[in-house]
Amino acid sequence: MLSVSDLTASYGAIRAVRGISFTVASGSLSVILGSNGAGKSTTLRSIAGLHRPIGGSVMLDGSNIARLALHNVVRAGLALVPEGRMVVAPLTVEENLLLSRFSGRKGTGDTLARVFDLFPRLKERRTQPSGLLSGGEQQMLAIGRALMTEPRVLLLDEPSMGLAPSIVDVVFEAIVALNRQGQTILVVEQNAAIALSVCDYGYVIKRGEIVVEGTPQALRENPEVLEAYLG
Amino acid sequence: MTLFLEQLVNGISLGSLYALFGIGFGLVFATLGVLNVAHGAYASWAAILGYFSVDYFGVPFPAAVAIGVLGGGLIAVTVDQIGFQPLRGRKTGMLGALITSIAFLIILDSLAGMATNHQSWAFPSSSFPSGMVDLGLIRIPEMQIIIIVATLVCGGGIYALIQKTGIGAAMRAVGWNAEAAALSGVNPRIVILLTAFLAGATSGLAGVLGGAATSNISYMLGEGLLLKGFAAVVVGGFDDVRGTVIAGILLGICEVFVAQYLSTTYRDGFTYVLLLTFLVARPRGLFGSRDFMRA
Amino acid sequence: MEALLDFWYAYSATLAFGLVNSLFALSMYSVLSAGILSFTTVVFAAVGGFAAAQMMGTFGLPLWLAVVIAGLLGGLASAIIAALFLKLETHWMALASLALILISRVVVLNTPSLTGGVMGMVVPVRASVLELAVLLAIVSLVFFRLHKSWYGLAIRAVREDAAAASTMGVSARQIQMIAFLISGVVGGLAGAAMATTLQYISADTFYLGVAFTMIASTVLGGSFFWFGPIVGAFVFTALPTITQAVLPEIQDIAKGVVLLVIMIYLPRGLIDPRARGLRKAARQRQQSALNGSDAVEARPGSSTAGHAHD
Amino acid sequence: MNMLETSKRTLLSAVYMAVALGIAAPAHADPDAGEYRIGMISDDSGPIASAGQSYHQGADIAVAEINSKGLAGEGVTLALDIKDSGSDAARAVQAMTQFGSDRGILATTCCILSAIAAAVSPIAMSNEVPLVIYGATRASLPQEPYVTSVVALPGPQEVAMSERLAAELKPQKVAYFLSGDNDIFKARAMAMKEVIEKSGAATVAEISTLSADTDFTGPATQGIATDPDLIVVMTTQQPTVGIITALRQRGYEGTIVTSEVLSPPAIFKKSGETITGIPFALSFQPGVSDSEAAVAFIDAYKAQYNALPDVYAAQGYMAIQFIAQGLKTLSGKPTRQDLAKAMWGTSDIAVNPYGGQPMESGQARTPNTLIVNWTKDGEVKLWEKP
């Protein structure tokens, strides 16, 4: 479904991603692990159109979406839940969700109901300015907003970051639930323990390159991974 | 009593022009983060285009207004794309766009000066509604009614557009953070173009109507509107169209009465002291919210 | 030789205005380099200009004494205004400074005993180009010394990130206060210089036109090093004179276009100390990339080279 | 045949005599043949460009006439070097400094705004270059010997007009619109007020406006509310037209009287119907001025610009004629100092469209008054009581 090949990205003169290739199968829940600054977020941002890669291709169902502008990537069917959430603070929760009407992807009442089913808290606070939400609620809103564009692939950038453990659990439960409903998901995560407990396949990035990949089982048993991320 | 009422209407009409002009100026500041000193030039150009279309092609007044409004909008879009678009994403803050807007102020005003031969023109009084309407107690010029109605309609319409519609939500979203809006699939560029057009068009409307009502169409028409419209926007609160309209009208009323009962020489001082007072003591204005400034 | 002398005379007025505008631009630069966009220089200049005119006209003081008094009064004005303005958020401060210019014009028009009101004032003394040059040289020397001093370091820190600067023990408020005072003194001097160059001042002398000219000069020349505003002021002053000689109809338009082009293609201005540093750094990086050394990881969200402030 | 016409005749003959004497005196004194450059600081752009362009065009006509008729001497031609100030004092000062230091420039002419005239005069003095002020109406601008003014100072015309209006119309209640930020126009209005009040008319309103104003609905309403039978509008050009328009649009049908700012044809083109029949006083007006010099000037102007000259064009014209006249009295290679002395000593500008233009200490004294108004057909005629 999503196939990344030889992706290269840099910040200024610094090369953060150095020729990464991998695929995300339809219906799968994949994770990219890596320590702080390994290049995993840059990878995700480059795929999602938030950062412009300097080389390589990102094929989504056979069409190359690398180098498309952010909103066009969304329109092609790839939605990002960015690090820091980036919800539109002055807009109400509902307005944030309904912005997806401009994505050209349905975002019908059904989807809205689905989002509210998934995160009942959002329904309660639908008329509140989203800037007043708590961090966890904002994360829910960011996921809801991405879902509203009915993406073929959902990308999440560090969904656990800055959240209380109980909220992290809620968020990951929602991720798993979505995956069970057939949503293809790619998560970038620093918290390897929780990531490996939910995913079907994982990649480990170090210095902008994939160093290990495999099933969660295999990764857990990999001594290098064990030492660096699970120890 | 008649004098008081007539002066009140004069004030409302004058203030309506400030308000109408201020709507677009405030919209661009609140959504696009641009302090656009060239905004007045849009009004001048709209009035000039309207006048030319009457003088050369003899179009009826409503068509002249439409041409002016369209022209103002298109000039605003052009300025935005040449002058402001390249700076977006560069984080030059307010300064960069302010400088390019100064550049466009110089360019547009000079061109307008050339186009009008640096002189002031007026719509022939037969070409626009220049009569008086008798309301029993008082008589009001037709243009004043048109200006007041236009301001209320535009103000109400734009308020509804921004606060109640999806497009408005997209405009507010792009204004806050273009990337966040794009995450929902909103094309920020189109929203920016739309905002710029809307701002230029309302400025243009103020220019044509004001130019007709005061029989003064010149390249300097926009300058007065800019200073007073700026005051209206600050006093009303930047992110609220309702505030701009109310503050603009209040300023107009104040100006007329200060001129009549105190002195013309204090009139502008009164407006600007009010402006400074609000900037220093209550920057969110009469009605603006302080919760979210532009990101 | 005679032709050269003629040329000198013909353009000495342009040179004089270039020197005066340099002072305006330096006053603007003083606050801008502390991260403040404020047009209050115009108000300081009005104070200094009218004061100098009164000193020389009414009291018959000599030029230099009047200039010094103008600078002091400009500084005094800036202390008052800074106390009022420094608590404002940046955007509002810029707008408030514009409002203050509008107000000061009304004040000038309505205090004829001090300013000549609508008639303006004729200034009986003319500063020579040499005197203006000496004045600018003294002011430049101060900026030169400041740039290398503790204050110079602190002000760059404040401009880059006021919060970070405060963790380093630099009080942003204090630095900005000093910046305002310098701006006030230089602004007062600029006003006096303008008065003795034009030999006539009125409410229109210190109005929005000069505000736009000085901000344009500062940004055009570069607002990251004290020499930038001077270069910008000279370019911006000479441009209309040059275009008038070539194509009189377009002298204003040419000014606008130059400003636009500079802003879009050279946003940091003509004089940018960092541009040289960057080129050097880029060469070094290339060198090290060839050597195969590891690149330093960058976190997403950190500014790219094009974004970072000095 | 009224008093005015008679006095005009008398003056005309006096002028002709003066010219004749001038020619009769030192007949051989002509400067060396060749081109002499005159620096003109114009107001071709800026807020008062409509007047500025008239002055400039009038000056051009004078140069053409002087060159073709040899008015400045045998083989002597003049050339204008134009620098547009846009009514900006700084630009005018720069231009004056450049002219002053350019030794090819023999004389200069400048300025509509009194403030700018005051700013450039010291430069002319220190550079020792003759400066003829063509438009600024502040008294006491001339400075011996370099700065002279051909401007007909306002005052006598308005006083004459006020006397006539008061006598013929016998107004009871008079309202005045003044310029709050232009002392010269304010003083002119006050002079009129004094005369009119002397005739027994009451002043019912004094309404102040500013030069940059554009909306006059408030002041007009205020003025009409006092129910005046005569309204005096004595402000700068844009406000004058704006006030009159607002008064008429609001239905004021009484008499309005104003100043020569209404005279340019462009003003009639802009708001013809509105300003028809409104009296104003001046010293030169095509269709009314009929001296030989006036007719020649009007014809030349019409041929060149396909439009009638206004009083501003006449002043621009006269400034150059004044310089030429001074130049003609010199011989050999004239210096700026000689020219300035000659001009300062001139007691009458010979070639003038005013029907007489005496000079006193470098300042024009224009004795002639025409009270005129626009007709429906776009002509200016002597005003008659309606």
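Order of writing sets the labels: A, B, C and D. Residues in every chain begin at 1.
As a convention for this text, contacts are C-beta pairs under 8 Å (C-beta built on N, C-alpha and C of every residue); 3 or more make two chains touch, one makes a residue touch a chain.
Source: prediction; values computed, not measured.
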**Request:** Give the chain pair, either B-D or C-D, that is connected by more C-beta contacts.
**Result:** B-D
**Prompt:** So which chain ends up closest to the centre of the protein, judged by Cα positions averaged per chain?
**Reply:** B
**Request:** Just grab the chain with the largest centre-to-centre distance to subunit A, centres being mean Cα coordinates.
**Result:** D
**Prompt:** Taking each chain's centre as the mean position of its Cα atoms, how many Å separate subunit B from subunit D?
**Reply:** 38
**Request:** Could you grab the centroid distance between subunit A and subunit D? Build each centroid from C-alpha atoms only and quote it in angstrom.
**Result:** 78
**Complete:** In whole angstrom, the CA-centroid distance of subunit A from subunit B equals 43
**Fill in**
Flagged in subunit B as touching 2+ other chains are 265, 268
**Prompt:** Which residue numbers or ranges of subunit C touch two or more of the other chains?
**Reply:** 109, 252, 306
**Request:** For subunit D, jot down the residues that touch at least 2 other chains.
**Result:** 45, 181
**Touch list for subunit A against partner subunit B, complex** = 50, 69-72, 74-75, 79-80, 82, 86-91, 95-96, 98-105, 129, 131, 145-146, 148-149
**Fill in**
subunit D contacts subunit B in the complex at 44-47, 49-50, 52-53, 180-181, 207-210, 212-219, 221-222, 225, 238, 241-242, 245-246, 249-251, 266, 270-271, 273-274
**Asked** Which bits of subunit D are touching subunit C when the two form their complex?
**Response** 45, 82-84, 86, 88-91, 93-94, 96-98, 100-103, 114-116, 118-119, 122-123, 126, 181-183
**Asked** Tell me, which parts of subunit B touch subunit A in their complex?
**Response** 166, 169-170, 172-173, 176-177, 179-188, 291-292, 295
**Request:** Can you check the complex and tell me which residues of subunit C touch subunit B?
**Result:** 32, 37, 84-85, 88-92, 94-96, 98-100, 102-103, 106-107, 109-110, 212, 215-216, 219, 249-250, 252-253, 255-257, 259-260, 263-264, 267, 303, 306-307
